[in-house]
Amino acid sequence: MTDFFKGISPVKFEGANSTNPLAYRHYNKDEVVLGKTMEEHIRPGVAYWHSFAWEGGDPFGGRTFDRPWFDNGMDGAKLKADVAFELFDLLDMPFFCFHDADIAPEGATLAESNRNVRAIGEIFARKMETSRTKLLWGTANLFSNRRYMSGAATNPDPEVFAYAAGQVKNVLELTHELGGANYVLWGGREGYETLLNTKIGQEQDQMGRFLHMVIEHAEKIGYKGQILIEPKPQEPSKHQYDFDVATVYGFLRKYDLHTKIKCNIEVGHAFLANHSFEHELALAASLGILGSVDANRNDLQSGWDTDQFPNSVPETTLAFYQILKNGGLNSGGWNFDAKVRRQSLDPADLLHGHIGGLDVLARSLKAAAALITDGTYDKTVDARYAGWNEGLGKDILGGKLSLDDLAAKVDAENINPQPRSGQQEYLENLINRFV
Amino acid sequence: MTDFFKGISPVKFEGANSTNPLAYRHYNKDEVVLGKTMEEHIRPGVAYWHSFAWEGGDPFGGRTFDRPWFDNGMDGAKLKADVAFELFDLLDMPFFCFHDADIAPEGATLAESNRNVRAIGEIFARKMETSRTKLLWGTANLFSNRRYMSGAATNPDPEVFAYAAGQVKNVLELTHELGGANYVLWGGREGYETLLNTKIGQEQDQMGRFLHMVIEHAEKIGYKGQILIEPKPQEPSKHQYDFDVATVYGFLRKYDLHTKIKCNIEVGHAFLANHSFEHELALAASLGILGSVDANRNDLQSGWDTDQFPNSVPETTLAFYQILKNGGLNSGGWNFDAKVRRQSLDPADLLHGHIGGLDVLARSLKAAAALITDGTYDKTVDARYAGWNEGLGKDILGGKLSLDDLAAKVDAENINPQPRSGQQEYLENLINRFV
Amino acid sequence: MTDFFKGISPVKFEGANSTNPLAYRHYNKDEVVLGKTMEEHIRPGVAYWHSFAWEGGDPFGGRTFDRPWFDNGMDGAKLKADVAFELFDLLDMPFFCFHDADIAPEGATLAESNRNVRAIGEIFARKMETSRTKLLWGTANLFSNRRYMSGAATNPDPEVFAYAAGQVKNVLELTHELGGANYVLWGGREGYETLLNTKIGQEQDQMGRFLHMVIEHAEKIGYKGQILIEPKPQEPSKHQYDFDVATVYGFLRKYDLHTKIKCNIEVGHAFLANHSFEHELALAASLGILGSVDANRNDLQSGWDTDQFPNSVPETTLAFYQILKNGGLNSGGWNFDAKVRRQSLDPADLLHGHIGGLDVLARSLKAAAALITDGTYDKTVDARYAGWNEGLGKDILGGKLSLDDLAAKVDAENINPQPRSGQQEYLENLINRFV
Amino acid sequence: MTDFFKGISPVKFEGANSTNPLAYRHYNKDEVVLGKTMEEHIRPGVAYWHSFAWEGGDPFGGRTFDRPWFDNGMDGAKLKADVAFELFDLLDMPFFCFHDADIAPEGATLAESNRNVRAIGEIFARKMETSRTKLLWGTANLFSNRRYMSGAATNPDPEVFAYAAGQVKNVLELTHELGGANYVLWGGREGYETLLNTKIGQEQDQMGRFLHMVIEHAEKIGYKGQILIEPKPQEPSKHQYDFDVATVYGFLRKYDLHTKIKCNIEVGHAFLANHSFEHELALAASLGILGSVDANRNDLQSGWDTDQFPNSVPETTLAFYQILKNGGLNSGGWNFDAKVRRQSLDPADLLHGHIGGLDVLARSLKAAAALITDGTYDKTVDARYAGWNEGLGKDILGGKLSLDDLAAKVDAENINPQPRSGQQEYLENLINRFV
């Protein structure tokens, strides 16, 4: 037991009237909603990088956090692991997620780096025997080191591709051994800083090949978890290839990967790509590639990826609605890919962030469930499309009618369709009844 | 001969030193560049809607233009056609483009509307016998009339789908008869104003079916022109399905249309989707779906679609480079989907817009051609990727190596790739030598 | 009594459990919060233009609404006035706001236009004798007619300035006669479409002179209401002079108007200027120019001014907090500068928009009041700045210390200030307890 | 002489036909344009921080550059100074700019930090005796160290204010001693990360007091250079107080500083604030607060401050036009607040960035001068406003007419002003003749 969180007791559910800032007011993990517990619905996770590896820097300022594990090699990494599991326990969090570079220091060679990662992985394995926190997903950091500055799989230098392959192999196997429910690939450097020095087609072929290798390796080692791509339009690259869900879908189709890989959708990345989060969820669900989500939010006025904890129940309710209609996230969950602000220096701030975020998720889940249970909303939307289930609509979708047929029909029956109210304000008010 | 352009003489090429505002200073249509004339490279066109149908309104103000053909039914439409061809002739423009609703007034029924369109189509046909202006593409306006407020193919009401089908059939056939080189579909209302009342998957299936009908009808009537989709992220809809090139590609793949349909890429739409225009071109080229372009520009500070005439040679040069590397646009061209500002009231302003735009295209074409002819730029980029043409790179792309193979190789050879300069500033300066 | 709202009964407060979509669930006008009734706090108003004059058009589509008063001159205007007051009554709305051009048709001359406005003004006066709805503010529409396309007060043509003056004089006097609590100036065309044809300094001088004339005229006729400027960064102009609160403040200072004029702050305009609404409120309050607010919201992904009804309690609570800390809005109120979507065709939709918006305001008012009553939040923020109330902080602000003094003190006392947590997540969670 | 730029010869002007990437093709410092040499017009400077202190990191990756002076305390700082002046000499650059933190390592106390800065300052002084490079401006870095995370002058802790005062005193005096033409204040942390913990009015009062102290100290020590504020809307803070030129003007007015302080306007900051650069220049000129400029450009698709070297002649020409019409920048100049991309690893890349940027400035200067010399453009714009120089316009601006007078005049003379073309396309084409 370290003394990092000294004086902080395990966070309990105390109900909506509690004024204890270190209690859950809405997240009651065993409370049953639509037939499953809150924990089973949300499957929340802590992101190792933001809470333990990030130092508080920004483009105009250095480290603000003062953590005893910084600058201390493998000893620091071990201390960090201890503190991490203490946070998981304090929060009673069922999951966590990690990048290799978050958990262990880089070595002089890939082999040494991988050994470092495995050494910490063994510590994780031991801790997971007694902790209830499981691994939601693992991933390889293919963006921080300068060797990846021009891409990993999409680097102009094939040796960088090879290096990345060696790194992914290691983390994929570790994820498998730790029972990770998913494996994520986020291509922060798979894109470009300037199109002037870039061959898009060439680089996409490289990326397609890389993903096939990952799929093949997962099959080879018997890993059954879901492989996920996390879309993001930009930052750090000026333009990333996995721009958004629609872009990823086209890419997966082109390289015949769409039955193997799904999306890990982050709130803030949706926003940066000029979509609402619920749009990305609905689209991914309709395309069959909704895998998991990264819970956070973006500042509405910032053009960069702020990775703040979620705090708006109305917004998150719409997301939960999409997920519930999709039948849940299966092996996915809600990873808090969120960091406390660089001015939030205190250990307790790490708890405030997660508690607030999880309470927002809990309220949102309950609101979305109530909306569905009430049924008025779904009925209203279904009624809007009723014409497609029979007669003309059914025939059109069934491929029975041509342009000629339809043109003739319009003329013959003098069809002159009258618009009907889209009822947006009514629907917004209806939703607001539940949030 | 109407008196609309009274006092304006045909626009001639007078060379870069001319101070005549109604002369081309750079566009010399017969000048040969990289083996083709400027006209063959650019294939520029006038957009009927912006120059003749738009009234100068904006969300906070009504009509500013005072055109003698407004508010005058079929007589107005005929006068408008006369003036349009006078502009084509004055500009010596090889192409034009139109929507059905631009050229003829809506009738009481679809049949009457279509008849009106055909009547003007016949006038076009007669004019085209003596004019050198051809049809770059035709399209149906499926967005202005209130019946389409909730979508055309993606409307919740199948009768609206049928109505749209009858309209497209008519314009597709007219386009065929007029020898149109392409047929365009722009889905301004194929999207949503609020996700709250929308079933994305249902609507996409409708759109997929609609496009198949269009392809089938084109084949049935023997139309050989290219069918094009024009991506746009939003406006008028809050979110359009054809968001950008990548999104359209995924959609085409899903509905197995990617060998039949290409993209008509508009500068301002690329910008609204948070891409550079050259990105959209390069991506479409790499995916094999680069069809045609809509030449314009967006105001850099406006969040709406400003459709201004192009005026930046450096920007357009990068676009031409992508097109030249693609081997040109084939049946496509550069349609000026651009309008003079609502304060540009005078008939001469219509000429200023097109002359300035065409001169920018001409300078850009010559600059891109010179860049390619010089060869330094291409050589520099090719060298960056040279590693993928042999040895390790070739084996990776050739599918000969697995994650295990690569990991073993990195270890065995102690591979530790060193980054190389991306040379962005050098390349930018190199480009600037030619613009 | 017209039959426009046939079948719709007056909207009553029915409490949070009501499922009646045409009832208030939170807005209980006589409920007392922090010593005043909800109605006194909110002072809500209907905007005549959006609900009665807007036709449902957008840049790509025409009228969607089917209102019996359209296209019918003064008879239509009278019917419109009847229906407007019916809506005010149905909603039990204490205020409304209007532009001259919303209420009466333009005549052939300014004199005729002004007479038309006065004729409807007299109808308003009569209706206001029996209705409880009062005038929150009036304003002149100096942007829709083509004569204003290049500005009103800032037009290059002094005759346009004169025309605008004649229009403002008329509406200012009518506002005075109708007991309007405020008079608003929104400069939609006071800006530019291109800087290329614009002299900023010249135009600002014109605008300064215009505002002085308005102030002088108000004093001359004895009008005691507050004169307000409504900031907006752009749309319809590419760049408007009244960009945001800070810009307006500098302008008022330059022309020595800052003690005479305050701001009417619109939610969506704050967003378009890349500020949060609460920022604009807090800034205006600190500068002493917070006058009134336009309640609406902007679509988060649209770059244009969407003027939707407010629907987020968390967001609006932060706004109410700023207003309550400012001691309220005095003569100002919450004007619903919001329109139902162009697909919301039904008369009932007009009610849904206002009911939902007003319920959001009511919930937000109560949440902000509870936050203040609880006191924890204010105490936390006060504590953060406590150092400025005494000792060093007080001496600095009191002007007692120079750079030399402070440098010497830092050296002498070896001052090395340690940062303290900004507590953002804690504060966000605290706020979330009340929303 | 270090070997950092080994093999690179001094950059000479070789003319537009040169293909030497390390030559000026347009910047010919002694060439006379409108009566002054290019160097006198542009007064270009190198920014110490970007070229020598920045390590190539970004939010997702660490240092990419490999500079021999990194991590080496005062010895490194001395080597850095040597290399810096070698670059100034190679580029024949007349100016440079610096922050205290760029040039010397932070010490354990403010006193030690200031001594370090002074030690390097003495090295600068010695080098400046033999180099022709002068100091355009100095500034204190009040944003990188964690003590400033919540602001410097606007910090909730008065001791941070005092610390900042001690730092500014030191750099202001050093700037004075080095003959710096200006002293700049950029308030990267003077703003907030969340309004929830912030008192805007309190913080603005602190900032006002701080600036008065700076002015008073400059007067006390006899410093005659211009004091400048550099506006920026955000980054690193979520919202900065010096948002843009208009905001700074209002602030200066409020605290009665507008006759003492001017603006240093950065291209990319204008863009982030949703203005064109030329707008900020024109506005500042009209307000009398145009001081100096930071030359760079922003990526058009990135939401963050990319600080790239300028590369668009058309854009920069419009900026130069505004500056030339303002009579130049007086003590100001064009500081390259620009950095080579993090992938531009080679020493030569530092030269490519500055050469390309300076050539763009030179072309733009010549283009703007030619535009002015030609005179057509100015005449066209003057003619547009001619009505304000006499008769009605003159009387309005002269304060001779009231709303009543104008209204009466419109009626009496039946004034009905007709709009005139804004000629935007004509003017754009006219400009394009010169770029």
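The first chain written gets the first letter, and so on, giving A, B, C and D; residue counts start at 1 in each chain.
Here is the rule we use: a contact is a pair of C-beta atoms (placed from the backbone, for glycine too) under 8 Å apart; a residue touches a chain by one contact, two chains touch by 3 or more.
What you see is a predicted model, and the numbers here were worked out from it, not measured in a lab.
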{"item": "Contact-graph distance - origin chain A, target chain C", "value": "1"}
{"item": "Comparison of C-D and B-C (more C-beta pairs in contact)", "value": "C-D"}
{"item": "Whole-Å separation of chain centres (CA-atom averages), chain B against chain C", "value": "40"}
{"item": "Inter-chain centre distance, chain C versus chain D - centres from mean C-alpha coordinates, in Å", "value": "35"}
{"item": "Shared-contact residues (touching 2 or more other chains) in chain B", "value": "64, 146, 149-150, 193-194, 234, 239, 274-276, 301, 341, 343, 419-420, 422-424, 428"}
{"item": "Complex contacts: residues of chain D adjacent to chain C", "value": "109-111, 146-147, 149-150, 155-163, 165-166, 168-170, 172, 193-202, 204-206, 209, 212-214, 216-217, 220, 233-234, 239, 243-244, 246-247, 249-251, 253-254, 273-276, 278-279, 282-283, 285-287, 318, 380-381, 384-385, 387-388, 391-393, 396-397, 399, 401-404, 406-407, 409-411, 414-420, 422-424, 427-428, 431"}
{"item": "Chain B contact footprint on chain D (complex, rising order)", "value": "19, 21, 25, 64, 271, 274-276, 300-301, 309, 311-315, 340-341, 343-346, 348-349, 352-353, 355-356, 359-360, 376, 419-426, 428-430, 432-433, 435"}
{"item": "Residue ranges of chain D in contact with chain A within the complex", "value": "56, 58-64, 143-146, 148-150, 188-189, 193-194, 234-236, 238-239, 272, 299, 301-305, 341-343"}
